[in-house]
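Chain IDs A, B, C and D follow the sequence of writing; residue 1 opens each chain.
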Amino acid sequence: MIITFKKDAPVKEIQELVSILENSGIKIADASSENLGLFGLIGDTSVVDIDKIQAYSWVIEVTRITVPYKKASRQFHPMDTIVDVCGIKIGGSEKVVIIGGPCSVESVEQIDEIAQGVKAAGAVLLRGGAYKPRTSPYVFQGLETEGINILKKAKSKYGLPIVSEIMSVEKIDEFVENVDVIQIGARNMQNFDLLKKVGKTNKPILLKRGLSNTIQEWLMSAEYILANGNPNVILCERGIRTFETLTRNTLDLSVISIVKKLSHLPIVIDPSHATGHWELVETISLASIVAGCDGLIVEVHNNPEKALSDGQQSLKIEKFKTLVEKSRKLAQFIGRDI
Amino acid sequence: MIITFKKDAPVKEIQELVSILENSGIKIADASSENLGLFGLIGDTSVVDIDKIQAYSWVIEVTRITVPYKKASRQFHPMDTIVDVCGIKIGGSEKVVIIGGPCSVESVEQIDEIAQGVKAAGAVLLRGGAYKPRTSPYVFQGLETEGINILKKAKSKYGLPIVSEIMSVEKIDEFVENVDVIQIGARNMQNFDLLKKVGKTNKPILLKRGLSNTIQEWLMSAEYILANGNPNVILCERGIRTFETLTRNTLDLSVISIVKKLSHLPIVIDPSHATGHWELVETISLASIVAGCDGLIVEVHNNPEKALSDGQQSLKIEKFKTLVEKSRKLAQFIGRDI
Amino acid sequence: MIITFKKDAPVKEIQELVSILENSGIKIADASSENLGLFGLIGDTSVVDIDKIQAYSWVIEVTRITVPYKKASRQFHPMDTIVDVCGIKIGGSEKVVIIGGPCSVESVEQIDEIAQGVKAAGAVLLRGGAYKPRTSPYVFQGLETEGINILKKAKSKYGLPIVSEIMSVEKIDEFVENVDVIQIGARNMQNFDLLKKVGKTNKPILLKRGLSNTIQEWLMSAEYILANGNPNVILCERGIRTFETLTRNTLDLSVISIVKKLSHLPIVIDPSHATGHWELVETISLASIVAGCDGLIVEVHNNPEKALSDGQQSLKIEKFKTLVEKSRKLAQFIGRDI
Amino acid sequence: MIITFKKDAPVKEIQELVSILENSGIKIADASSENLGLFGLIGDTSVVDIDKIQAYSWVIEVTRITVPYKKASRQFHPMDTIVDVCGIKIGGSEKVVIIGGPCSVESVEQIDEIAQGVKAAGAVLLRGGAYKPRTSPYVFQGLETEGINILKKAKSKYGLPIVSEIMSVEKIDEFVENVDVIQIGARNMQNFDLLKKVGKTNKPILLKRGLSNTIQEWLMSAEYILANGNPNVILCERGIRTFETLTRNTLDLSVISIVKKLSHLPIVIDPSHATGHWELVETISLASIVAGCDGLIVEVHNNPEKALSDGQQSLKIEKFKTLVEKSRKLAQFIGRDI
């Protein structure tokens, strides 16, 4: 970290800042010149609160050289993290994991038909929302506990571990007990209390990137989970908000390479939310595999026209089967597998 | 609401859609022409889930004519909502309410000095964060319950009702009991569980706009609170994320007129987060008063250089006093008061 | 196009609007109900100026059902456009065209070495900027006419047609005479005078998408060129501006499928500007091929560290060779070739 | 400017960089520590091309401390620039200048009626577009030279100097001869050739901010004009593109204070484009005056419903009169005048 400051800064305040930093274990290299004050900070600067330094009126700029996350950084953890979900490995360079299922759990029959379908197609995890974040209070909000129970039934029948979104710290116990991967949705990426709570469990956490968040903010949210003791974080890119209106969101594909360079955590892609249209899902999925993702989480419905949510972006089971087949061939072509 | 669709759509599916809509109490005016199917939907379309209609492959487009929020809409509630906070009225066309205080509660002495200062300057509510949403898990996270108690002490000594941010549904009871205005932060604007919970209380809620959210999404979040029974919602614009880097956020000033037209809810402006720099706070505050805001919520610190958070955007007590004086004169000039 | 309007609109003004529309050859289907006025517009609505309709105070909303571009639309031109550049075909479903070269033309030796290198690697066109749009007036602005001459020399020596960016209508003659593909840069996507001028030539035009423009705006810019008589438009996605700071821009990969659906024009990807970092270029290139792009335009430099512009995002010749090899294998895998 | 770099960088390349910088007149303060290379650059760093430094693979980061524009910077020109337009002063702290007129020049009668109206209301300059940047090639593109002549007639009759937008370098002579303030539109803010050309005249230039451009990019475009010899630049904020759809653009109000701090150039606000709705124009205008703008450029039409462009955001003459009256009172209240 580098602090530049005006040469006419009050000596007393400079000394104060220096002693605050030194008390945090930071060493300071003074590199001031005639016209410009300049401190290089050496040590673990992730504990330094930039805001506090910038509050001094004589500070010109504070620039980070090292990243503010430590446990999420590949620098301190060079090997890929591989998250184990009931024996299924997410991360590493071998398998690309396929997760399929509906946006919302709607009924026993719906989940049974979809679970059977995605299993047969090659999915190894089942996704389904029991608690749904909806922008309107007047539309379907999910089956809640009943939905979780329906997913469990399908899990025991088809042997598919389940991924489901948590929306509230109050439901932590229910999720820890019943769900195999706890999903944190895009709108909760900076719900820090929820991050702390899931960080105190040892469940795999699928952390979606927020709609307008930077990669660094996303890794800082992962850091919240890791810092609270849970190493099982799976990142999930699901598109960011842009000015384009023909797609629901815009997939940031570079994110895969960047995350792989900066962090050791696995990353999966959600092509359904990234586009908002089922016609685009296959193409985006294949491109993501080539770009190096560790998995795909795809919305699949037995009857998209009657889906209680997100029908427009859900694949029919038959189309999903084709997608998995093409994905497998492509994964094998680039030296991985499904 | 208008649905346009292809003329070769399967009759059975059209009939199905029609009967779903009619069962929701919607009347349908069929205005199809030779080349284009077109339904006009008449009735309370706020209950209609657009996603479900768009999931039919033959639907071309669904366009809302009326807004999807009902209780937040001025159409159904022409009179201004005036929220009463311990006798202080927020909303209506008379007073512009001034709220001042630090970003974070840090100590008894700090709050005492600031509360005394902002009270003397003309503020009628005291703000202060006891639970802090911070992007890094390694920096100060707030004094929590101790912070709330410090605020209560200042409230009883100076007669200033308190505004503080809630971050988790688990703390609802603590906030209902101790805080006068419960703030929902920008990052929690779409934390729907939290919205439902504060909607079940009758406390005044200060609902900040999300960093990249549209006005309609914001009013839908207000609708969550209203629909759960709590009419005491105060909207708060605090700037949105843009490509500009010289300010922390960009204040969307048009929002005041638009919200006043679309909704009956009061709106206050947070010039501190909107800019991120104390030098800009006064100008933005005065412009907001001219634009018709019902209040200002301003970060004030007795010693910004040593603030544990957001020191860069906090006014010193003396500067805050000047701001209130100028604001009062300007409010009087435009026929309001402070 | 659908116009909704208030039922209490002045009859005279409605009649006026109707006759304006009918005079443009539009047929109107009146589908008004008791509460809402509603006109369906049938015919070529690309000539209708939405702004003028919305200017009536009683108009509620104007919604397009058909696209405002006609010549760029696949609806009116179902077959793929294949642009012929000196015998090289861009578009269609066979070849993926590789374009390589430096950001700026710097010297005879530089271009000679790079042209030889990219040719050997498998590129079929040479790119190079002679006129450079730079944000600062104080940095290298290009060799101008000398740069064009250097490119021509390389063309005649290595048989590589050249792509170069035009910045001003004043240079049209120079470009028509000397350049094989005229590039319109992202910052000039809505320089309508320049679009009209290149539309009056019959040269192939590479039209880059603007930094914050939607796909529809981009196709409208293509429409300017087509409407002026030049059918030889190649679209080029080069990333859009987002809040992410780790990449120079964010590649919008869905754009390929969407453009292919909406339009018949070929589309190439610029992975260098889309990312801003040479390490990301290969991955993004391969993903783009899988996503169906018709070509890649890649920055290549013999000595990136000493490039006069964009060195950070330029591939060395050796790396470019690897990229083309991998691209060829992947293209063949998906049934195309290079 | 500060360059940080890896300690294992090749000595030869470091020496090369050092000598390049020193040859540009830059002095280098070496402040490297054990773990990190660090150079402080002293001197006129506006000539340094950051891209070229970042192209060295061993460079970690390059950070500007001083701004890259020099002539536009208040640092090197502490006094306010006051641009003289036929005797009317724009800039300084006295007058707020009112510019009114239609989006497009449509006919002699239209301009005559509007010019008379805005003059009577208190405007001192007349705006009107003769060349129109339209997203569709199929809608009205302006009366071109005829439009300019109509404006000149109104100028000579009412004594109002005229502001009109140039779209092409080819029209420079026409504009220099006939127009008093040459407007560069938002879409041409980075049309560097056009900037250079108007920089070679001595006409007042109204430079609009681009739709998604930062303040620094905007000042760099001003720098292009200043560096070419023309000191008469007036900045114009007209709103930036955001995710909000209820307004055409979002006015960035902080821009006024920031520009006044960073630069000596005058700044006017365009409340018509900033909002896109005439109902919002008055509020935004008044807020802008309080925020310190040096002028307003407002769209006014004698018959907005029949305007050939932008009718929705144009004020009727009567409303414009009210706006000027309120603006005058407010300007006087804050110690300025109109």
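Just so it is clear, contacts are C-beta pairs under 8 Å (C-beta built on N, C-alpha and C of every residue); 3 or more make two chains touch, one makes a residue touch a chain.
Because the structure is a prediction, the values reported are computed rather than measured.
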Co-neighbours of chain B and chain A - touch as defined: C, D
Chain whose average C-alpha position is farthest from chain C's own: B
Geometric centre distance via CA averages, chain D-chain C, whole Å: 27
Whole-Å separation of chain centres (CA-atom averages), chain B against chain D: 32
Separation of mean Cα positions, chain D and chain A [Å, integer]: 40
Contacts with 2+ other chains: residues of chain D: 212, 241, 243
Chain C to chain B touching residues, read off their complex: 2, 4, 29, 31, 33-36, 38, 40, 42, 60-61, 63, 65, 241, 243
In the complex with chain A, residue positions of chain C that touch it: 212-216, 240, 242-247, 250-254, 256-258, 261, 274-275, 279-280, 283-284, 286-292, 330, 333
For the chain D and chain C complex, residues of the former touching the latter: 13, 46-47, 49, 51-52, 54-57, 68-69, 131, 133-140, 167-170, 187-188, 190-194, 196, 211-212, 217, 220-221, 223-224, 227-228, 241, 304-312, 314
